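Here come two complexes built around chain A, the first alongside chain B, the second alongside chain C.
Presenting the complex of A and B:
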C-alpha cells in the first residue's frame, strides 16, 4: 500500500467516524421522547432531573447520581396543540412547546424540573409545572443578580445548598448530596467545559472544519446524556474533524448572539452559514459553558461552584450587568476575540432578555464600527428565505464594501 | 490580471462565464448556459463549467464565484448574493444603467445600484408565480408557441386581452377561457405581458429606479415583455393619460428607459466573476482555484488552511 493510499483510507475512516458521531448526536436531538435518557435511567436504576435554559448547576444533579436533562422545547418537530392554550400570542414559543412536551407525557420520566431565573415567562412556567405536575420536584432557581459579590456569593451558596438537600432527597440518598460527590462531579464538568471550549476554539481557528450545524448537534446531545459520554463523543469528533476539514471558502466571520434561551431551528444556523458566513462564536446553549475556567475541586465544593458563578460567569442577558460600558463594549470584545467581521443578532420573537438588551448591544457594536444585522425567529420557524436574503446581503456588504 | 469564473445556478438554467479582469477593465472570455430540465443539478454545473473553461482555453482560474442557488457548489471559492451579482453584471453590460430588473424562472427582483455596482435598494416579487419566467413558459406551451416567438407575437397584438394580474392560477384559467372565446394568440400574449409588466413597473418604482434599467435573467430577450414594461412605465409619467387620477407616488414618477443586452441572461454569472476578481485581489490569495488539466471536480482550495 502506498503512502498516499494509506492517507486516503485514513481520511475516509475519519469521515465515517465523523458522520457516525454526528448521526449519534442528531438522533438524540430529534428524539422528543427522550428515549435514550429513559433507557439510561432504566439501565442504571437512576432518576433524571430536567432543567430549562439558561443556566442550571448540573453538577449537583450529577453528584446526586441522577441524569441532568436539558429541556429546550420541541423545536420545529413538535405540533403545538395544548401549549397554545396556556399562553397569550405575545409570549415566546419555548414555554408552549415545553407545556406540550409535558402534557403529552414526553417528560414523565423526570423526577424533578429546575426553572432557572431566565425571565418572567420561565418563572410563570415553574408555577404552572407545580400545578400540572404535583408529583415531581419543582424548583425556581433564583440566580444571584447583584453587583456586590459577597452578597451574591452568600446568596448563591445558600441556593446551591438547598438544591444539595432537595436533590439528595429526590435521589433517595440518606441525606444531602455529599461534598465528595460534588467535587467529583465538578471535575467531570470541568472536563465537559474543557472539551466544549476545545470545540469552540477549533471552530474559531478553522470554521470550515467544524460546521455550526455539527457543533450544535453535539451540544444538544450533551444536554441529554451523561457527561462522560458527551466528553468521549466530543473528543472523538474533534479528532475526526481535524482529519477531515472541508474546503475553505471565502466567507465572512460572524458572531451570532441572542439565541441563549429558545433555540433556533437547525435550518436557521445552516442558512446563515450557507449564505456566506462562518459562525465563529455564538451564545447557543451558553449555560453549558457559562462558568469560565476551571471550578476548584479542592476545599468547599459549594463555595467553589458559587464563586465560579459570581466571579467568572460569561456575560449574558439573563445576568444583571451593572456596568453600562461593559454592556456597550461586550460585542466588540467578543468580535475581537473571535476575529469576527460582523455580528448577527438572532433572537427569538418576544424574548424579553434578548430583545431588551439588543438596542444597547447593537449600538455599542456599531459605535465600534462592527457591522450588524438583526432578525427574529421562533423555534419552529420553517421559512428561511428572508434570513438567507438578509445574511447573504450582509455577507456581501462586508466582503465588498467593508460592511457599509 | 486575474481570470475568474462566475457560476449562476438558477432554478431553470445554469449559466457560467469566464472573465479576465485587469485594473478596472473586464473582458468576457467565454460563456455557456444549460437548461437544467430534470437533470442532476451538480452534474449540469460541472458540465457547464468544464465547457466554459474549454471554450476560453485558459491555463488557470484565480477565483470561482457562485451566485443564485450555487451556495453548495463544492469547488467554489466564494458565493455572492443574487442582488449583488446582478447589479454588478448589469453595470458591466450597460454602464449607464442604475437599476436592474432580474426576471428569472421563479422570482423577479428590482435592484437599484450606484455607479460602482453597489446595491442601494432592492425588492423581490412575493412567492406568487405570476411574475416569473416559468409562468410565461407554461402559458406559451398551452398556446403552442415557442419561447422565441412570444415576443414578436405579443408586439403584433391589435387588441390585448386583460388577464388577472394577481394570481398565476387565475391567469391560466383566464387564458383557457380566452382560447375558447377565440381570442388571438397575439392578443392573449400581450395581455399576459401587460399583466407582468404592471407588476415589474411597480417593483422598479418601489426601489426608486430612474434613468436606465437593464432587464436581466431568462426573460430579458422577450421583446414583447420589454415593450409592455416600457409602456407601463411611460403610462406612470406625469402628463400621461389618466395621470392626474394616479396616486401621488406614481404622478411623481421619473422617466425610466428599459434596455436589454444579448448577454443579459449571464448578468448574475458576470457579476459573480467580477466580484470574485475583486475578492481575489483583496485577499491576496496568490494560488489559483483551478489549473489546466483539472476538471471541476478536482479544483482545489487556494486558501492556506
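Presenting the complex of A and C:
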C-alpha cells in the first residue's frame, strides 16, 4: 500500500466516523420521545430530571445518579395539538411545544423538572407544571442576579444546597447529594466544558472544518445523554473533523446571537451558512458553557460551583448586567474574539430577553463599526427563503464594503 | 341598559376621593418638575416591590415609569410614544409600557400631566415579579448618566417566601440599596433616618388598613365599589408615591368614609356613566385593564349592570387583604415580605387559589380574564388559570384580550361581543340552577338587555 493510498483510506475512515457520530447525534436530536434517555434509565435503574433553558446546574442532577435532560421544545418536528390551547398568540412557541411534550406523555419518564429563571414565560410554566403534573418534582431555579458577588454567592449556595437536598430525595438517596459525589460530577462537567470549548475553538479557527449544523447536533445530543458519552463522542468527532476538513469557501464570518432559549430550526442554521456566512460564535444552548473556565474540584464543591457562576458566568440576556459598559461592548468583544465580520441577531418571536436586549446590543455593535442584521424565527419556522435573502445580502455587503 | 347610561350623555362622574387623588398627583408631578431647582433627589423605581417609605425617609422623590406609561395611555398619548420607540428599533413584540416610556423620554420627557420629568439621580431596579423590569432599567441606564442599584426579589416558586429568600432581600437592602441611597442623598442611614422610616412604615400600615376595608366592602350587596375599574383609582396613591405619607393616610381615610357611607345607604359605585346601584352581575377579574380605552371598557360592564367585586390587578403593588401589613418594628424584614408577596411574584397555584377565594368570598357570579399582550408576567398561563378556576368553582369564566397602552390592540367590538355573550351564558346558568325557564334573573333581577 502506498503512502497516498493509506492517507486516502484514513481520510475515508475519518469521514465515515464523522458521519456515524453526526448520525448518532441527529438520531437523539430527532427523537422527541426521548427513547434513548428512557432506555438509559431502564438499563441503569436510574431516574431522569428535565430542565428548561437557559442554565441549570446539571452537575447536581448527575451527582444524584440521575440523568439530566435538556427540554428544548419540539422544534419543527412536533405537531402542536394541545399546547396551543394553553397560550395566547403573542407568547413564544417554546412553551407550547413543551406543554405538548408533557401532555402527550413524552416526558412521563422524568421524575422532576427544573425551570431556571430565564423569563416570565418559563417562570410561569413552572407553576403550570405544578398544576398539570402534580406527581413530579418541580422547582423554579432563581439564578443569582445581584451584582454584589458576596451576597449573590451566598444566595446561590443556598439554592444549590436546596437542590442537593431535594434531588437526593427524588433519587432515593439516604440524604442530600454528597459533596464527594458533587466534586466528581464537577470534574466530569469540566471535561464537558473543555470539549465544547475545543469544538468552538476549532470552528472559530477553521469554520470550514466544523459546519454549525454538525456542532449543533452534537450539542443537542449532549442535552440528553450522560456526560461521559457526550465527551467520548465529541472527542471522536473532533478527531474525525480535523482529519476531514471541507474546502475553504468565500464566506464572511458572523456571530449569531439571541438564540439562547427557543432554538432555531436546523434549517435556519444551515441557511445562514449556505447563504455565505460562517458562524464562528453563537449563543445556542449557551447553558452548557455558561461557566467559563474550570470549576474547582478541591474544597467545598457547592462554594466552587456558586463562585464559578457569580464570578465567571458568560454574559447573557437572562442575567442582570451590572456594568454600564457591558451591553455596549459585548458584541465588539465577541466579534473580536471570534474574528467575526458581522453580527446576526436571530431571536425567537416574542422572546423578551433577546428582543429587549437587541437595541442595546445592536447600538453597541454599530458604534464599533460592526455590521448587523436582525430577524425573528420560531422553532417551527419552515420557510427559509427570507432568511437566505437577508443573510446572502448581508454577506455580499460585507464582502463588498466590509464593516461600516 | 344600566340606569347609569340611560338618557343623555353624561360627563364622567367622579367621587370626591378621585378629585383629591388628582390633586395629589398633580402636586407630585409639579414637585418633580421643580426637583432640579429644589435639589430633591429623584429615584426612578417600579410599582411592584417599591420601597417608597425608604426613598421618602431619605428625602428623595419616587418616579414610577409604569404610572407615567399608563397615564400616557389614558390621555391618548401612548400611540405616538410607542411608534417612536419602534422607529428607534424596539421590537413590536415587547412590553408597550417600556416602549411608551422610552418614546416619552425621546420626545422630551414631558410627563402625563404636562410637566417635565426630572432625570433620575438613581435607578432603583426592584426586580419583583417581572423580568421586563430588569431590561427596562438596563435600557434607561443607556439614556441617563446615573447609578443603578439592583434588588433581586426571589420568586415564590414554592408558594411562599422562604426564610432564606427573605434574608437575601434584607441583605441586599442593607448592603446595596441603602448605601446607594446614602450616596445619592448624602445622608447616612442613622437612627434619625431609621426612625423616619419606621414612622413612614406605620403610616403605610394605617393606609393599608383603610384600603383593605374599602376592597372588602365589595362583599356587600350591592357592592359600594367597583374593585377593578374603580379599584385602580383606589390603589393609585398606595401603589405609587404616597404609601407612607400623610397625604396617603388622609386619602384612604376619606375614601373609606366615602365607601362606608355608600354601603350604609345601599348604594353602588360611581361609574363614568353615573351610579351603579342596581347590580345584576358580580364579577372577579384577573389581569391589568386596558388604559387607552379605559372608560369605554368600563362602560361595557356598567351598561350591563355588571360590577367587579374583586380583582387581582389591584394586588400587583402589594397583597394586603390576606393579612400583610408593613411592620415598623422590623423595617428591612417587612420590606422583604412586602416585595416577596406582590401578586406577580406568586406562583401559578397561589394565583389560582386567590381567584377561587375571591369568587367564593365575594359571592361572584363569574370571572373574567383580561389578557394583555404586553405582560407575560400576568398573561403566560392565564388559559390554564381559567380552566382550573372553572374546575374548582363550577363557575364559567370569560377570556378577552387587549393591551396595556397600545391602542392598536384594543378591539372594542370583539371585547363587547365576548363580554355580552359571557353575561348571557351566566344568565343561562342561573336559569338552569333556578330550575329552568327564561333568562335574566341576575343577582337582583336583570332587565331586558340592550
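Keep this in mind: the second predicted complex is superposed on the first by the 402 of 404 C-alpha atoms of A that agree within 3 Å, B and C clash if a C-alpha of one lies under 4 Å from a C-alpha of the other, contacts with A are read in each partner's own complex, and residues count from 1 in each chain.
We adopt the following convention: a contact is a pair of C-beta atoms (placed from the backbone, for glycine too) under 8 Å apart; a residue touches a chain by one contact, two chains touch by 3 or more.
All of these numbers come straight from a predicted model, not from anything done at the bench.
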item	value
Chain B versus chain C as contact partner of A:145, first or second or both or neither	second
First, second, both or neither for A:274, with chain B first and chain C second	first
Chain B versus chain C as contact partner of A:335, first or second or both or neither	neither
Contacts of A:399 with chain B and chain C, given as first, second, both or neither	first
First, second, both or neither for A:389, with chain B first and chain C second	first
Touching partner for A:249 - first (chain B), second (chain C), both, neither	first
Chain B versus chain C, judged by how many residues of chain A each one touches	C
Touching partner for A:206 - first (chain B), second (chain C), both, neither	first
Interface residues, chain A side, partner chain C - complex	85-88, 90-91, 95, 115, 117, 119-121, 123-128, 130-132, 139-140, 142, 144-148, 151, 154-155, 158, 317, 320-322, 324, 327-328, 349-353, 355-360, 362-363, 376
Chain A-facing residues of chain B, complex	63, 71-72, 74-84, 118-119, 124, 275, 278-279, 283, 300-301, 303, 305
Interfacial residue positions of chain C with respect to chain A in the complex	88-91, 93-95, 98, 125, 127, 130-132, 134-136, 138-139, 141-142, 148, 150, 152, 154-155, 157-158, 164-165, 168, 171-172, 175-176, 347-352, 371, 373, 376-377, 379-384, 388, 401
Interfacial residue positions of chain A with respect to chain B in the complex	206, 208, 245, 247-251, 274-276, 389, 392-393, 395-396, 399-401
